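The structures come next, written out as structure tokens.
There are two complexes below, and they share chain A, which is joined by chain B in the first and by chain C in the second.
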Partner chain A sequence: MRNTQIFLCLVLLAVCAAVTAFAGDIKVIANPSVGASSVSADEIKGVFLATKTSLSDGSHVEPVLEKDGPAHEAFLKQFIGKTDTALETYYRSLVFTGKASMPKTLPADAEMVAYVAKTKGAIGYVSAGASTAGVKTLEVK
Partner chain B sequence: MRIRGSWLLAAIFAAPCLLNAQFDFTLDGRDVQVHSFASQGFALSNVNNYLTMNTSGGSFGLTDFGFNASTAITDKLRVGAQLYDYNLGRLGDYHPQLDWAYADYKFRDWLGIRGGKVKTVQGLSHDTQDMEFLHTWALMPQSVYPLDTRGDTISHIGGDLYGDIGIKKMGTFSYTLFGGLRPNDPDGGYIYGVNTMSHVPAPQGGFMYITGQTKDVTYYGGPVYGADLHWATPLKGLLLGASYMIQDITTTGHYTEPVVVPYKLTTVTDKATQFYAEYVLGNLRFAGEYRSEPKIVQLNEPNGVLVQGFQDSRSGYVSLSYRFTKWLELGSYHSRYIDNWPTIHSDPRNHIFDQTFTARFDINKNVDFKIEGHFINGAAIDGVLDHGFYAAPNPSGLQPTMDMLVMRVGYHM
Partner chain C sequence: MRRLNITAKIWLSVGVFIFGYLLSTALSQFQSREACASLRATSEALFPAAQRIQEAEAAFQRMVKGFGDAVVMQDASGLDRAAEDGRQAVAALKAVASISGLSSERSAETGRLALSLDQLLADARRIYGAASSGTLSESMQDEIRTLASRMEEASAALAKAKEESAADLHRQLSALETSSVHQSSFALAVFAITLIVAGAIVHLTIKRSITGPVVRVIAGVQEAANESARAAAQMAQSGAEVSNNAQEQAACIEETSASLEEISATTRQNADRAGEADRLMQTVRQTVERAARSMDDLNSSMTLISKSSQQVAGVLKNIDEIAFHTNILALNAAVEAARAGEAGAGFSVVADEVRSLAHRAAEAARNSSAIIDQTVEHVSKGVELVGQAHAAFQQVSVTIGNGSQIVSQIAASSDEQARGVSNIGQAVSRIEQLTQRNVANAQQTAEGASEMTTQVEGTRKYLDELVAVVGLRNA
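Coming up: the complex of A and B.
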């Protein structure tokens, strides 16, 4: 009985830890040319699913993704609602019908920040602890 | 011809592996993306020959490949084109086709226009049905996505008005209004079927065509227009949709027997309605589609008498798939096609039911392999048109049930 209680507590702690990790461990960043200072979760989803090409202030944006890693996983879970495999399939369906280009993918936070900093309209995400020098951090409404 | 196709296929497969990179390049300061794909299948059935392949003896006649290039001219304007080539049994014959080629201008997120040769948006997968790497299945549910008539139905030469409208708590609506002309695929299943099938009723109690090379039909096409509405509902992972299409097809050629006279088939009415749903929960995907297409056609007999043919076909499928790992996905679908709804559904001459089980292995991000079992009941040979089971490849008739193994390897980049 006691072992079962301990096990259930550990499971609960693990779930809480996982949820906490997903909730606040990423920052949405953009090139300084993007006029908006905040963005809604729906806008993020639209931009990264290629149904939106601009933010509410009219800024044209281009999504940039990380190849994998915890920030990527958290971003997909929190905003996109698709697994990495499903998102790749989705992009391919657009690319092979001519409706969009394959978005740029980068290996890690540092490369993401560097690319977003130099690319007009770029919008991406990094771990909460990553340095964001040269880019704008967007508040998620 | 086949040797040329094999070389092309080998080149498509080999080139990107050798380069180990995408063919992206910059032209006049603009990034141009180039992507390619290819697949090779094998089908083996215990009886009958399906989709014009010699499946009863084992057939490798399931090959396709293509590549595309596209670029953004401005933030709002995109252009691109895709070349496609295929061989499916006695169809295709490796004659290259311009699959799509268009310019796309997006005024706003809720309003865009594309013009040229455009893949027709209908249902869940109409515009992507031929790209095996996007789907769990080696063969898509043939009731809704028949591979043999792909070239006749997958695109239109004309344009689309489209857009995405997000309504905060209501989710996102994606609409497409399309209109144009159906392209003519002289190597496709429609013309092949009309040319090799004679409209003599199957003998009572039997299960056999009477077949003959009685026509030389060379053209299939005509205006098509319609609409599609996708609704990504507020319930995460649930997508609902509906499509509507009207087409006015004309088929022309000559009778070759018993006299050489012109042949012309015209559409009196042809309206297709489709409803669909998809629910994705993590790695689990459920999908279903239903399509109704009543049509009346008119054609002249060799003696000049005009006759009408009526067909009220219904088709649909439900599917379930689950991705266990990055490299393994398992799935199953049940597909149903009823050739003429008002007549007896249980008659194998009026239906095709297909229960399918698939395992998909993703060898890496660019190569997949699928193995699939089909358990097919019926051949729907009584209709105005053939539906996968053609007369000419089955000169001894057809058995009412058939089991088939399909394996397919695909590459994309």
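Coming up: the complex of A and C.
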């Protein structure tokens, strides 16, 4: 019993370490019209699961997703906690009940940056190494 | 009401009570029949309607879920099944619309809902059919959104219909319950009113027919008792007064009796004295008679004396004549003696003596004759007086006779008086006895009055008890 608890604690520590390790792989970007300069993980999850449409400072935001790719995988894993299929099912159920529309989906980092840069209130993510010209990088708290 | 006796009145009250009980029972029966009819309507219309609408809603929810699954999971195989659920919902709604016991408004509403649901089902089958295979274009998303809002509306309408039907059912049931409660309350009220009316009648009956008369009787008896007490007091007082008066009277009567005794004695004495007087009178009369007879004798004696006197007068005349003759003879002798000279001298002295004697005899005879004449005169006067005395004695005798008669009458009267007084004495002694008896009676009356007072007090106590039993103090 005691051994099991110790094991669980160790696993938890390992997971935390892994998350910390991934955090550096992507960065969250937003259209410069978004007032906030930092955003919490919960806010990100809320925005991308369409349960929030604005950030804590009151600026309206609209989530933009990448179609696939390592940044997308990492983002889903780090913030959303759903697989890509599950997320699509989730969004379809929202569409079916009329609560939300399917989010904009872009094929890669470059399109993402370009779209976010030109779309007011857009919030998205790119690989840590991608160029973020014309967009605002939000600090994840 | 007033003519009935108490038993009849009490039975009347009980009758009112029974009538009220029967009335309330009949009312409950009537109302429970109404309630049964209402319950039948509920069980034949409202309940199945509610059930059907519930089924319809359930089928609709299954349909929505089926479509949702198909769209979300992109699995077209569930579409038919969902459409089947939708048709079931429509059929259930149509069945509800055709139930005869529902209100026309409710039927029409359900019919409209069935039609719109049918329309919605057709659209959904088409749009979700397209959406369940492949990605969702913007226009498709718009259509899905519109459909979702329609679904929402339909769902809301169904929920509303369900709620309404449930509310109908509930309303009906609660109306039933309310009416049942009302009914029982009403029956209870009727029963209570009957009870109150019967109670009031019983109360009034008792008050009017039992308590009232009893109270009146009590009041009357109390008044009579008071009157009796007053009368008894008066009686005691007057009894005592009568007793005192009677005692006084007895004393007076005793005095009277004593006086009467005295009077009786005096009267008897009077009678005795009258008798004595009578006897004395008789004696006096006899004496007077004797005196009268003596007077007669005296009269005859006087007559005899008168006669004797006359005879004596005759004798005296003879003596006078003798004296005269003697004188003459003496004279003759003197003459003869004188002639005879001295021889005759002695003789002449004798003759003188004889002559003086003759003179003296004649004088004595004349004196005696005068005396005798006087005597005769006196005797005749005495005879006259004796006659007068005799007449007076006669008058006295008559007067004495009258007096004796009067005295006899007085004696008789006195006797009668004595008898009367004795009678009065007897009457007085009888009166005395009666007075003594009156005194005793008066004392008895006074005792009776005091006994009566005691009885009246007892009566009052009983009356108080009766008043307490009746429970009225104001009587």
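The rule is short, and it goes like this: the second predicted complex is superposed on the first by the 120 of 141 C-alpha atoms of A that agree within 3 Å, B and C clash if a C-alpha of one lies under 4 Å from a C-alpha of the other, contacts with A are read in each partner's own complex, and residues count from 1 in each chain.
The rule is simple: a residue touches a chain if its C-beta (ideal position, glycine included) is under 8 Å from a C-beta of that chain, and two chains touch if they have at least 3 such contacts.
Fair warning: this is a prediction, and the values are worked out from it, not measured in the lab.
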Simultaneous placement of chain C and chain B on chain A, clash or fit: clash
Partner chain(s) touched by A:140 [first = chain B, second = chain C, both, neither]: neither
Of chain B and chain C, the chain that contacts the larger number of chain A residues: B
Partner chain(s) touched by A:117 [first = chain B, second = chain C, both, neither]: neither
Chain B versus chain C as contact partner of A:108, first or second or both or neither: neither
Partner chain(s) touched by A:128 [first = chain B, second = chain C, both, neither]: neither
Which superposed partner A:51 touches (first chain B, second chain C, both, neither): first
First (chain B), second (chain C), both or neither touched by A:93: both
Interface residues of chain A shared between complexes with chain B and chain C: 89, 92-93, 95-98, 101-102
Residues on chain C engaged by chain A in the complex (per definition of touch): 67-68, 71-74, 131, 135-136, 138, 141, 144-145, 147-149, 152
Residue ranges of chain B touching chain A (in the complex, touch as defined): 31, 33, 35, 37, 68, 70-72, 75-76, 78, 80-82, 100, 102, 104, 106, 109, 119, 127-128, 131, 133-134, 164, 166, 168, 172, 174, 236-237, 280, 282-283, 323, 326, 362, 365, 412
List of chain A residues in touch with chain B within their complex: 42, 46, 51-54, 60, 81-83, 85-86, 88-89, 92-93, 95-102, 121
Chain C-touching residues of chain A, taken from the complex the two chains share: 89, 92-93, 95-98, 101-102
